Every structure is written in C-alpha cells, then in structure tokens.
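One structure, as structure tokens, below. Some questions next.
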Amino acid sequence: MVDLRVKIGDLDLKNPVMTASGTFGYGVEFEDFFDLDRLGGFVVKGTTLNPRQGNPYPRMAETPSGMLNTVGLQNAGVKYFCEHIYPKLVKYQTNVLVNVSGSTAEDYAECAEQINELEYIPGIELNISCPNVKEGGMTFGTSCPSAEAVVRAVRKVYKKHLMVKLSPNVTAIDEIARAVESVGADSVSLINTLLAMAIDAETRKPVLSTITGGLSGPAVKPVALRMVWQVAQAVKIPIVGMGGIMNAADAIEFMLAGASAIQVGTAGFVDPLAPVKIVEGIEDYLVRHKIESVTDLVGSLQL
Amino acid sequence: MVDLRVKIGDLDLKNPVMTASGTFGYGVEFEDFFDLDRLGGFVVKGTTLNPRQGNPYPRMAETPSGMLNTVGLQNAGVKYFCEHIYPKLVKYQTNVLVNVSGSTAEDYAECAEQINELEYIPGIELNISCPNVKEGGMTFGTSCPSAEAVVRAVRKVYKKHLMVKLSPNVTAIDEIARAVESVGADSVSLINTLLAMAIDAETRKPVLSTITGGLSGPAVKPVALRMVWQVAQAVKIPIVGMGGIMNAADAIEFMLAGASAIQVGTAGFVDPLAPVKIVEGIEDYLVRHKIESVTDLVGSLQL
Amino acid sequence: MNKTVQNLRVLSNIQLNRDHHLLELQAPVKLEQIAPGQFVNVRVEKSQSTFLRRPFSIYGVDYEKNTMSLFIKDVGPGSHVLTSTPEGEEVDVVFPLGNGFSFPENNKRILLVGGGFGIAPLLFFAQELTKLNLKADIHALVGARTADDLMELDSFAQYGQVYTTTEDGTHGLKGRVTDHSVLSDNLQKFDGVYTCGPEPMMKAVAAKAAAADVFCEVSLENTMACGFGVCLCCVTETTSGHQCVCTDGPVFNIRDLKW
Amino acid sequence: MNKTVQNLRVLSNIQLNRDHHLLELQAPVKLEQIAPGQFVNVRVEKSQSTFLRRPFSIYGVDYEKNTMSLFIKDVGPGSHVLTSTPEGEEVDVVFPLGNGFSFPENNKRILLVGGGFGIAPLLFFAQELTKLNLKADIHALVGARTADDLMELDSFAQYGQVYTTTEDGTHGLKGRVTDHSVLSDNLQKFDGVYTCGPEPMMKAVAAKAAAADVFCEVSLENTMACGFGVCLCCVTETTSGHQCVCTDGPVFNIRDLKW
C-alpha cells in the first residue's frame, strides 16, 4: 500500500489531486461522473464581493493543444455563495477551497472575511492573476508591492489557509512568490492562464469578445513546469502546481519539480474523468516505482 | 495580380515571409527543398563574437504542439562567419539578416561592427532574448535599461537595418519595445522562445541538459499573437511577428495583429516546405479576399 | 439519464450526400431515456487540431438496438475524422447533455423549421412526439441551398407534412425558409414553432413567431469548451442574465432570449 | 539523391512479431540512389502527441518497384500510428537523410552487430554490399531478449554467416551480443565492424573494436527536431566538437566519437 496523503501547510489532503478554479464549477456538475470525495480537494469558481455577469460571448477559442477563455469571473457574488452554494458543499469529505478575486485590496479582504466564517471551507485561493478582467487581479499579481498589499490586507482578516494564485505573465515569478510568502501566504498555486489572443483570419476579427484571453491546457505545461521549478527554488511554503496537466505523468512531473499538490483544470473538459484517473495513475506509478509515499516525489528531480 | 511586397523600414521584401534564426541554419540546408529567393528574407543562425560550442546534448524535447530547445548559440564566431559562410550567402537575391548575440554590450557591438562591413547583409537581428545561455541576452531583454544599453551600443557602430528581437519572458513587452525604439531600433521582431521545462517522469530527470529551454511552435502562437498586438499599440517602428506560425492563416493573423512581416521557425522542421507554402497561401488569401496589397492587412484587425 | 463518458462503437456510417454522414453508435451500457434536443460531446484524438470535444445533437435513439445516431456535416478536422470513422471503431462520447425541447400537450399543431444539420434534433423530436402518442399535428419546413442538401425528407414525411425551400429552386419553393408561406400566412394556426439551424435563420423564424405571438423554441449552437456547465464559455444573454447553452439550453424559449 | 518531401503510399504493412512491422512504401517519383545508413523522417498527423516527425532508418530500397522499406518497432504514439497504417494510405516522408556506412574495399571480412531495430540499416548495408559485388565476407551478429524478437535472420543469412544471442537462451548463445565469442576471439580477423542498436550495446562493441584496433562504425539515434541539419539539436561530441547526428551522421567512425 502506497501513501497518497499530502499536506499543504495545515491542509490535509487524501491525495495530491485537486481541481482548478473556473474549470470545475461548484463541483456538483461533476457528480454524475465521479465521487468528488475521491479528490484531495477542489477549488470552486472565482468569487467576488459583488455579483459579476462576466464578459460577453464569445468567451472561448480553441488553440493548438489548448484553449483561450475570457469568462471574466461571472459569479453571483460572495453573499449568494455563502447563502445558496455553500450549503450544498458542506457534505463533501474533502477540501473545498474558494477562489477569491477583487478589484481593490479592500474588496478582496471583505470577500475573504465573509468566507472566513464558513466552517467547512478550510482555505481560500487568492486569485491575483486573472487576465480577463481589468479588476481581475492580474495587475496585483504582476508587481511585488501590489501583490504584497493585497495579500497583507487579506491575511489580516482571513484566519485559515491562504493560498495565493500567481500570474505567469511576469518577468520573475519567483520574486512575486517570495513577496507573497513574506507577508503571510500559507502556500502558492501556479500557474493561472497566460495572456494570449486568437484571431479569425477569414473574418479578420478577434475570436474573443475581449480581444485577449487566458491560455490553458497542455500547450502551457512546459512554461508552468518551469515556473513551479523556479518558485520551488525561491520559497519555503508549499506549492500547488497546475497548467496543462492531462494525466498522471504530467502530475508527477509537477511534483518532481517541487509541487506538493496539483490542480487539474482544462483536462476535465476533454475528459471529465481525468481528475480521478490521475489519482489512480499516481498510485500505480508509486507502486511501479516502489515509492512508499507520494511526498517522496516532491522536489525530487534528479539533476 | 496581388502585391506581396512589404517594407520593414528601409528593407524591401518581395513578400512578408522570412525564416527565423536558429531554425534555418545558414539557409543552404534548405536548398534541396526550395529556391530560397522565393522568400522575403531569412535570418541565419545566432552569431557571437567568439566561437561557442553550445550546450551539451540532449538539446530538444517534444511538447504538446511544440518543442523545447537549448542549443545554446552553437556557432563558429563572427570572424568565421564573415570569412567562410558569408561568401556562400552573397548569391541570394533576398534579404539575408544575421542574428547577433553576446554576453556584454561591447560583445554585441563588436560583432555587429564586423557584420556592418558585409555588403550583402542589409541588416542584423539583435537577439536580446535567448533564454538558453546565461550570456544569451535574455537578461538584456527583460529590463528596459539593459535593453536600451545594448541597443544603444550597437546602434553606434551598426549603420544598416537594426532589428531587435524581443523576449516574451517579461511582464510588459510593450515597454521593452518602446525602450528599444527610443534608442534607435529600426524594427522589432517577436517572439523569441518562452522559457520552459520538460521532465521525464520515468527517469525523474529533466529532459534537457540545461534543465530549462525555450518553447516554440504552435503552442506559443496565442501568446505571440497577443504580444505582437500589444507591441503594435505601443511603437511606430515595424514589427516582425513570429511564434508558432505553421501556415498562411497563422501568418495573416500576425499581420492583422500588426506585424509588417513574419518569420517561420519550428514549422520548417515539421514541413520543410512550410515557408514557401505560406508565401503561396498568403497570395491565395489576398486573391480570394480581393485585397490588392498585403500591406493592407497590417494592423487591420476589425474590432 | 445521468451524464456519462462511454466508448460507443460505430455500428454504421452512411454517407448521405457530399458532406453529410449518419453515424449509428452502439452503447456498451443500457441507454436510459434521452430527450430530443439533447446532445453529445465527442472526443477526436486522431487529429492535431481538435483539442476539445465536438458537440453534436442526438439525431435519434433506438432503445432496442441500444444505439443512438448522429447526423454530421463535415466542416473541419473534428467532423472530418468522425465522418471518416469506419464501422467497428469506437468513439469516446460524453452524453446526454443539455435540456431538450418542451413537449406540447395533446392534440397540438406544431411547426418544425430546420436548416442544415439543424434538422437532427427536430427529427428526433418528431420521432418522440409520435412515439409518445401525443397526437401532435406535425408540420416540418426544411430549407437548403440546393436539392442535394435536403436530406431525410422521407423521415420527416413519416411524422407529418413537409415543406421545402431551396435557394436555387431545385426543390420546393425557391428562396429561404423564411420566404415560405407557412411562416407568413397565419402562423397563429400553430401552437408552437421549434427551430434549429443557422443563427440568422433561427433569428428570422423567432422574429416571425414573436410577431405572431406563437410559442417558439430555438436550439442554439454556441462554441463550447466543457459541454456540461463548468466552464461558462457557452453563455447566451437571457432575460435572467448569462445562461449556459450547454446546460440551460441548447433549447431556449425565445421569450427568454435577448434576440 | 537530393532531400525531398514526398507522400509515399503504403504498399504493404506486414506485422513481424508482437511489436515490429515492415512497411513497404512506394514513391510517386523515381527513387535515386540511397545509401545504407541513411534515414527518413516521417510526419504523423493522426496523433495529438506527435508534433515533430519521427526518424526511421531505411531498411531497403527496391529501385525496380520504386519502393523503400522501413522496419518499425511500436514504442509510442508515432510508431504506433505508423505500424497501424493500412495499405493504400499515404505517409508524408522527408528523405533521404544522413550519411551512410562506408563501403569497404573489395574482398574484406566485415562484421555487422545489430540489436532491436538496429538491424534495419545493417541489413540494407549487407544487401548493397552484395549487390555492388564487393565480394565482402559478411558476418552478422544479432541479439535480442528472446527468440521471438530475432527477426529477419533469413535475410541476413542470404548475405553471410549469422550468429545470434538471446538473453533467455531461446535462440543462439544465452546472453548479450557482447558475450558472443565472435566479438572476443580474435576480432582482428575482421576488417571492419558496423553496429547499430541500443547505445549501451554499441558502446560495448565499440570498446571491443577499439581495443582490437579494428575499423568500426556506429549508427547513432539522438533525438532530432529537423533531421536535416538546421536546428543543431541532435549533436554528439566528437573530436572536432559538436557534430549533428542527422547530417554528419547518423554513422560515425568510433575514432571520431568521444566514447
């Protein structure tokens, strides 16, 4: 028997596989496909202080081995979440995190404060990296001072696990990681989507309503892996890796590069069973390689 | 008859299709496949002041819709280039540019100065963006002051067309573009490769000898397009776009986003005929869309 | 039935005309009730430009043979691989997705208006209406560019009266579906209009139904990433804000759309 | 001949054992002279994980039928699609690439040492040596894990004497090729040793040849992006610096390698 349990700071996960915000709805949509309690955890949709209707259609473009999205944080706001969604999530025997976005440090803090009250939400993922809305935090995530400011504001009011999701659209992601670590982040997750664009040559128009959008899927995996590796050299807090993970081998690569856990995003669109297949695949890998605990993989890349 | 001619500053190109440095050798290797004079131009291998043996094998990793490389600027140095390679290039009736790299601003300038003497080389492409060698210029290309410094040094000694190749591994590529424009760059080309990484889960080792390498191919196209679009809003000098261009539709997308010409790189590995097929495809497109001159496409994205 | 991911075996693949194929797919597990208007999302691995699944309406279900059919137009890499799939091969399908058309009460007169592959869910609807013995008086108006593009007219004729239009006049009325008198003369005689096809066609039909104040449902085809409500990419504007075509639709009452 | 990109038609696809196939490909244009040791680079579009081409040694050329053969082991997505390609389909091939083995002078005794698909270029070499009537005395040593993995022995036997080893002893000597006496007893009796196979095997053979001071060429298989000398990804360390396996090789004299 191999041990799949991992810890992300004070969070206990039955296995290192989570699902990524914005790609897993509120979890319930996946219930037909598998038992959500088989996951190490899942992160629900980006939540903001006030309701947001999101960006206009079209919001999606398929690209080579990936896709662009510009959903723009459509959500009914944190109050609605607490009253109407949260009650449906309390039944899950796994870590349910809420992804939090905002336009000002105060927004973030206020939203986080309300989620702090929810007994069965052990942590939040602070999205300082959404490229699709002006107020989506990407500007927070692209400079150290602004990243520090928002994390500091949230840290003051949020008492549970504070995971900060980093933007890949930066010159030095390791510096941003160090900055958020220094002001109290409990972990970092990366990467969010790469700012990108699609054009329809025939119509001569951008494909997305907002011209640019966020690139995800296997296309970004090599960049994401590099960033996880780079951040792993820079910080001591745990890293949650993501970006194009499609199967167990991909997940293991992220752990070798230094991630304590991983998130599966776009893969779930292509194969709704991907998250559980990855749990099983990691187990098989450990058995095959005679590795007792999945934690032995973390950062164990052989140079 | 449609008009395929474009200008990049003072460079006259018979069509907007060039090939990208490091993916086209010295051109001669493609001669079996097509007549090089059918291209608008080509950029030969990264050249440095002193000979470089490059990085150890393995230098390549295949990734979803792309590849990583870490060639590390293997070349015999500018002196060898001028004496032994240049004479083989004078016969071409197209623009042959030399891609120049260095470890210090002085290196760059000295190398450029020697190439300035070569009558049939109408311009250089200054590579301030190679992610694969410490001295490969990526550090020059990731901050405005250092980018300005190297361009300024080269501009002093180099009298012909000075194209500056930008790194995509930055927070704000438009700012770097503006910086190099302000110190005399005649054009900018983008993007170079994205810093990335591949790991072999079975051996638990990095695939590349240098751990990280540069990502190219269709996987990066959406990011490249976005950057060309972003730079087009920021500078007045012409833009040469590249990154994952595989076919004429891709090339046209870059021109719609604001590129006056494009370069074909990795595509030539997959289909050695890609560069000429793209020339033909652009012509077909213009005919089909009843567009008289390819220059009408440049920056004509409809919002 | 619940959403599932299954490998379905191609039982037959019949080419209907130049670019349309009819695929009959057999399920390994007993099919439960599927509603007309629901769709499937198919994975296409044998192509380098189909990262995401491709959605197709369900064209019919045969619960005895345990098969379902898809009516596929070859328009690009994904549909091309599918229309080229030989019998015996398996395809990876997520289904059933979306809502479905609203069944009318007994003894209603309804009009189906289809263009292109939009006939697929309409024909399934007609089939189920008839099977459920709702005694609907079914009329179908089908339009195409030319006669060769008018397919499955016999199938429609099994369920009711069929009207056709072709742009070149090679079959039925020369013109577009919206030029047909059945849509202009006294549309009120129908209790409901159900339409699926190119968006401009649906919008024109919807406008006529709205003007005549007739119940009207349209089946939308927004681009999709997931197909089951988690990505929020496929939204359409409704009177109650953005709704997902893949879960709140693909079938919408025009009353609710901001058309 | 000059390098070209051509669509070759699969004339036959024969499964040799569990995971090896022999593909005979017919060219639309007259094949010119191809050297044993040269290789092709094949595009594989029907898979989502084969962005780059896949290199394979040329296993033989039939100038009369205008065909060339490849000997392919199914090890991953690219080789899998190729070994599954039905007769009649076309494959997009860049060829001929690389240098080739050095032909010996007349009346020489040579030893070919092959493992796995490494036998492909060696067999082509033997065929050409014989055709050119160089009166070479050809000996071939072939190793595999088990008897079923020893293929094309009859073909080798056409050209000279064959020795075999299997790790499980099911055919020939039990052990690895390097355990075979032909490599240890008096290797000097050969004028040249030519080897292709897994790198550890080639290194061991090269070491023995070097020790015995016998001419020895090895055919390398570095990972490649372009296959024709423009990317500089496939380099190997030689006494004159980094050289490209795809253009300066794949065949190298061990004297020049830093092994």
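Every chain is named by a letter (A, B, C and D) in the order it is written, and numbering of its residues begins at 1.
Simple rule for what comes next: a residue touches a chain if its C-beta (ideal position, glycine included) is under 8 Å from a C-beta of that chain, and two chains touch if they have at least 3 such contacts.
The chain lineup, named per UniProt: A, B = Dihydroorotate dehydrogenase.
Being a predicted model, the structure only gives us computed values, none of them experimental.
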item	value
Mutual neighbours - chains that touch subunit A and subunit D alike	B, C
Most distant chain from subunit A, judged by the mean position of its C-alpha atoms	D
Between subunit B and subunit C, centroid-to-centroid distance (C-alpha), Å	47
Inter-chain centre distance, subunit A versus subunit B - centres from mean C-alpha coordinates, in Å	34
Whole-Å gap separating subunit C and subunit D, where each centre is the average of the chain's CA atoms	54
Where subunit B and subunit D are represented by their mean Cα positions, the distance between them in whole Å	36
Subunit A: positions in contact with at least two other chains	61, 63-66, 217-218
Set of subunit D residues in contact with two or more other chains	48, 50-51
Chain contact graph, described as a line, ring, star, complete graph or other shape	ring
Contact pairs between chains, per stated definition	A-B, A-C, B-D, C-D
Touching residues (chain side subunit B, partner subunit D) in the complex	22-25, 29-30, 32-33, 53-54, 56-67, 69, 71, 74, 217-218, 266, 268-273
Contact set on subunit A toward subunit B in their complex	61, 63-66, 68, 142-143, 169-171, 194-199, 201-206, 211-212, 215, 217-223, 225-226, 229, 244, 249-250, 252-253, 256-257, 285, 300-303
Touch list for subunit C against partner subunit A, complex	2-5, 43, 48-53, 92, 94, 222-237, 241-242, 247
Contacting residues of subunit D [partner subunit C, same complex]	45-48, 50-51
